[in-house]
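Structure provided below as structure tokens; questions to follow.
Which chain is which? They are A, B, C and D, in the order written, and residues in each are numbered from 1.
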């Protein structure tokens, strides 16, 4: 087995492209949102809090992205009997709200987007629109 | 779209007026309370802990105000299936107890009041009395 | 004394304009940066971490903006004998590194920008370029 | 030795009297302040953040009061070689900035006041004016 393996990294240009596409969708559906894009390690690459968004959704938007990056899967699918256990075990880092999606390019996780302040379905719609702006990204 | 938009700020005089009116109501109904007034960003503007109030209600009173400010709505209305998810996702910041009310002037959120230590209905009654002292504020 | 006073709020459009102007300057001088724009209460409105920026500068960039917003002044001017005392007294929130600048429009503090990952002079240069994009903002 | 001993408690009326006297002094000298009054255990009894005060001084004002209550002495007198050790050992709770004063009645510590956002001398002046409003309190 090799000591290092090739991997793709999301650039800040890519992160901002996703951010602005998500923002455009949020404006189109008239839902003020907090939108966060992280790298595959969960570190914040780009963020915007729209006028009128819930301020406390800043935290949940970032945590949704971090959870999606960590799980390499959309957020919100943790079985009910596990959600509190996992949240407690990770100091609240793992959230179980919809609105976090992994960003996958050529089968590699390069980051995640987390959206919060709308309904969970609105959050997902905005997150999807963000990822759709990255032509190489796998739709989620 | 403009870079800045006009907004109103609650003054400390306004915050203290609300605090004292809430305090007077709590004394009238003989329920010792913790009473917190924040700005629209959730920062504490004025606070009082009455003699005999539950000390740990200091935290919940402040969090009620912060949740009401963030949601721009009275606290306590989060559906049961979401309340733990939202609390976990925000590190406990989002609370689902009655007693937090947004302070709205001319259609603009300028802050919030949070009251804790009584029953939830008593907390709401005291919070409402606080807001009623601000003649320009929208009754909640 | 009035209960509320008029104030201006930085919109997300304004915050993103500042962010992109700062980003352009950082690209021009070829220094990867973390760039944060907050409102006047220190809440994050917009953020970008450039490719190659120091990851831990995310924290300091945000704290620089929050310190500049709180002090309503550029960061880095705290006298040496006070800097540790103030950092300790605020749980590390008050930082004394250059690179945080208040955003003032018509004499009102509407937010702040914080830049970190370059030298302090580079951070200030990038922050200034950000503010310069807001035609109504007072140069700092 | 008895199992319990008599002690005086600062009422919320007393705390608010101190708060408003400190506020009046801050307005007189035209320095926006954060003002906190705690009980002898360091629990917040009353608080106000004046218009234009540094937001991050909320924390330091409360910690000054808590440090003064804990030390039963004015803050700011910790020897230089101890101040970092004590701050680290207490998770930042012990601060070494002037502006915290114990409230002593008939030789008993009943609480403390902490003031922050001005210069340290202004903070002390405002704190003293607060305590002076309590006729029974020992001047500090």
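Side notes on the structure shown:
In the analysis below, a residue touches a chain if its C-beta (ideal position, glycine included) is under 8 Å from a C-beta of that chain, and two chains touch if they have at least 3 such contacts.
Being a predicted model, the structure only gives us computed values, none of them experimental.
The set of chains in contact with chain A as well as chain B comprises C. Just to note, of B-D and B-C, the chains joined by more C-beta pairs in contact are B-C. Ranked by separation of Cα centres from chain A, the top chain is D.
Interface note: chain C and chain D, two copies of one sequence, contact each other through mostly non-matching residue numbers (shared numbers fall below half of all numbers used). Work out the mean CA point of chain B and of chain D, and you get 25 Å between them.
With centres taken as mean Cα positions, chain D sits 31 Å from chain C. Separating the CA-averaged centres of chain B and chain C is a span of 29 Å. Of all residues in chain A, those touching 2 or more other chains are 51, 55, listed in ascending order.
The touch graph of the protein chains shown belongs to none of the named shapes.
The touching residues of chain B, when paired with chain A in their complex, are 5, 41-42, 66-67, 69-72, 82, 84-86, 88-94.
The residues of chain D lying in touch with chain C in their complex are 51-52, 54-57, 59-60, 63-64, 83-84, 87, 92, 95-97, 116.
Those residues of chain A that touch chain C in the shared complex are 9, 11-12, 15-16, 23, 43-51, 55, 58. Interface of chain B with chain C (complex): residues 1-11, 13-14, 17, 39, 41-43, 105, 110, 134-136.
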